[in-house]
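Two complexes follow with subunit A in common, the first pairing it with subunit B and the second with subunit C.
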Partner chain A sequence: MDSVADSQRTLYPYVTGSSVVAIKYKDGILMAADMGGSYGSTLRYKSVERLKPIGKHSLLGASGEISDFQEIMRYLDELILVDNMWDDGNSLGPKEVHNYLTRVMYNRRNKFNPLWNSLVLGGVKKGEKYLGTVNMIGINYEDNHVATGLGNHLARPILRDEWNENLTFEEGVKLLEKCMRVLLYRDRSAVNKIQISKITEEGATVYPPFSLRTYWEFSAFQNPTAGAEGSW
Partner chain B sequence: MDQVDFNAPHSMGTTIIGVTYNGGVVLGADSRTSTGVYVANRASDKITKLTDNVYVCRSGSAADSQVVSDYVRYFLHQHTIQLGQPATVKVAANLVRLLAYNNKNNLQTGLIVGGWDKYEGGQIYGVPLGGTIVQQPFAIGGSGSSYLYGFFDQAWKEGMTQDEAEELVKKAVSLAIARDGASGGVVRTVIINSEGVTRNFYPGDQLPIWHDELESHNSLLDILGAPEPMNI
Partner chain C sequence: MFRNQYDTDVTTWAPAGRLFQVEYAMEAVKQGSAAIGLRSKTHVVLACVNKANSELSSHQKKIFKVDDHIGVAIAGLTADGRVLSRYMRSECINYNYTYESPLPVGRLVVQLADKAQWQVCTQRSWKRPYGVGLLVAGLDESGAHLYYNCPSGNYFEYQAFAIGSRSQAAKTYLERKFNNFTASSREDLIKDALIATRESLQGEKLKSSVCTIAVVGVGEPFHILDQETVQQLIDTFEIVREEEIAPADPEPAAEQGAAADQGGTENQGGAENQGGSPMDI
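== the complex of A and B ==
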């Protein structure tokens, strides 16, 4: 490892985004992420867009180091540009974009200079829905529902229980909101400003940011230490 | 990067505050206890009773702060019996200091002792890491306090009323929660004066909205005006 290359290696992340959660639904893919960019334990940036449309058929959601995500967006912009320049009526679908990202992530990992992200790539092409994920060490797979980070522990169990392949848009949104609310309660780096986006055969829509109501009215929350002073 | 360490020690990242006013003290705290990135308890009570008239705000290691407060409660109980009248705030704070100082290599907890006694009225004592004791008109502590130094420099005034003091504490904890990932949940306050002790509880929807935050909703669907799925 020579010293010139060392000075550019990502050793640890600085500004990070938290979980992304995504599901297949009747018309395509629904994806959700909050808009937080944390700087260690500080919630420094609260309007970071972590869901981006890619070409005509895909949506990318990213967690992890934001600067690396921005670099990936540059790579993908070039990829899509060259694809358009062929002007041959064909366009890269989500499966191809996911494969490209997987190769990039894995090859960087092999050079000990990873892009410090966990990515979710979803899309629809010619009626076929696709949802996959790839992370900084190159692990990649597809499934009916995927998540990054703490979402794997908190959201996916909910999805395993409540997902089905005929979800309407409204049902899908409510399901994602349920997952995002749990993440709000239980993930330190979650921020209460959420973006939901969908992709269908017609195209991609990223909805405006919104905040979720949270529930604190359990009677047990009022005076938890009554009768057990000094506990939590 | 996607690892969650469920065996990490419970730490109350925390924001804790103690403020004197013209009749007593107001203590305030957030309610988040985390193990690594997971929020183990979202409704903890970090303001702990030592005697009827003296409470302590706990930050840092949950275990260390609990055991220190348990010992001090035990000693103060005996002291009260021997003295024949309520212990003074200064005595309580000094007991906390003795434990913190004499076990400095093994403890990781910052405490704010606050209360009312008939000799000196309302008092606040800070006992940070290392076991220093310092009497202050107001004290802030925990990881969230970093975001409040500027705020208090500007907003603190001598001789506030009870309502002004409680508003200040509520506002401050809420501001810290907005920026500190290790603080969150609800704002708890405890007011101590000659008349006794009052506990209050303020969930997120009763707190002001700060910069880059949004009004909360039950669902994105309410904002989009999409029709709710029909139920018969």
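== the complex of A and C ==
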């Protein structure tokens, strides 16, 4: 018999972050996420950073279990440290980091011990923009715009309509804010404290958090259960 | 029977601070038939001399493809060379699996050197140093590279190098010409590789059957040239050689020093830009 400690698995997530939305724009990648950390459905933490630079060329956004994200960050810090220690002029780019994460995520799910996250990995190296995503069971793809969680349902339709390759920084931020506002209105676990970050050839910047202007007097918000009578 | 009392074990030091077994291993590299490598900014060319064990046998393969971007030429114990190229192949494939990108050449070379060093410094008496020298040619994000890995666990990066028996002649040629290699075209590199190979043949006629050439470069995955191609290159090179004797020299400055060595009438001709090619024997 295995001891209890040996059979510990993440069977369900405890503290989770909500959607991450990311797009390619003219000079690189823009990413947005709120700073909420939900304990089940309780909004328990209000200042969780979920956008992190990885090495010189990459930016990682994470939704899902926060502690698993912290473990992933430990893996990546080690990876980048070893890469730097070679000190030979070669460095891991966003494509390499994304592929590494893909392997880690799929490997863990094969051990029936997944890292309970959806990750977004963006970056620029040698003029090449890269944006991809990977989830807790190892599904991964690249695209011009990606989103995790409810963002896949609420943000990506907007991005499909309005995204184009030559967005300026300002236009890109505006588009991300539009997505985050929709998410804030409709995703119960979203909070109104948002971070945006960019990565270009020059490196990554995570901007300080800000709030979106909201208007809650829309008639649809007045009586939310009208036409959708529930048992409560 | 033994040369001295300090050479029976890999881990025994001689009072003069030498490890004889390691030096013997390096001697094994000199016994093997020659291998040559040279590189430009964008390409690396490997060449080797094929020697058959007997009239009745074929020769052993001395150039191995490790990955699309890396290849090696070996001199010394072929069996050890094959063990090491298998290791390199597996390292490349594993790196590619994890990162979906090619393993940087310099890193593979360090790993290889560490492996050789581990082999040397281990305390176990049945272990021995690898008896093989490897010329590692490769391309990565920092450009084209040529490394030499020694049985001692040392490694060096080179613009051009030759190892194996009678490699000194090839080295002399490469030392004379290497300044121009950085800007060389792929074809010029192959030509110089062929000439250097011929140098180490010492009089034997250069034929495609006695040498192997391999190339790796920008837009060109590592591959060994087939025998017909090599023969064609040798033939065109022979023509160029004859042309060089008659009309004006294409590179008077580079040739003058060489012509001086040959003295006599050649020297005069060199001064008038009509000297023979330095490679003319």
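Going forward, the second predicted complex is superposed on the first by the 209 of 232 C-alpha atoms of A that agree within 3 Å, B and C clash if a C-alpha of one lies under 4 Å from a C-alpha of the other, contacts with A are read in each partner's own complex, and residues count from 1 in each chain.
Everything below uses one rule, namely that a residue touches a chain if its C-beta (ideal position, glycine included) is under 8 Å from a C-beta of that chain, and two chains touch if they have at least 3 such contacts.
Bear in mind the structure is a predicted one, so any value in this text is a computation, not a measurement.
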item: Broader residue contact with subunit A after superposition on the shared chain, subunit B or subunit C; value: B
item: Partner chain in contact with A:Lys95 - subunit B first, subunit C second, else both or neither; value: second
item: Contacts of A:Trp86 with subunit B and subunit C, given as first, second, both or neither; value: second
item: Subunit B versus subunit C as contact partner of A:Arg103, first or second or both or neither; value: second
item: Partner chain in contact with A:Ser189 - subunit B first, subunit C second, else both or neither; value: first
item: First, second, both or neither for A:Ser211, with subunit B first and subunit C second; value: first
item: Subunit A residues contacted in one complex by subunit B, in the other by subunit C; value: none
item: Interface residues, subunit A side, partner subunit C - complex; value: 86, 88-90, 92-93, 95-96, 99-100, 103, 126
item: Subunit A to subunit B touching residues, read off their complex; value: 13, 38, 41-44, 46-47, 64, 116, 118, 135-136, 148-150, 152-153, 168-171, 173-174, 177, 185-189, 192-194, 196, 207-214, 216-218, 220-225, 229-232
item: In the complex, subunit C residues that touch subunit A; value: 97-101, 104, 106-107, 110, 140-142
item: Touching residues (chain side subunit B, partner subunit A) in the complex; value: 1-2, 4, 13, 31-34, 37-39, 41-46, 48-49, 62, 66, 69-70, 73, 143, 147, 178-182, 184-186, 199, 201, 203-205, 212-221, 223-224, 226-229
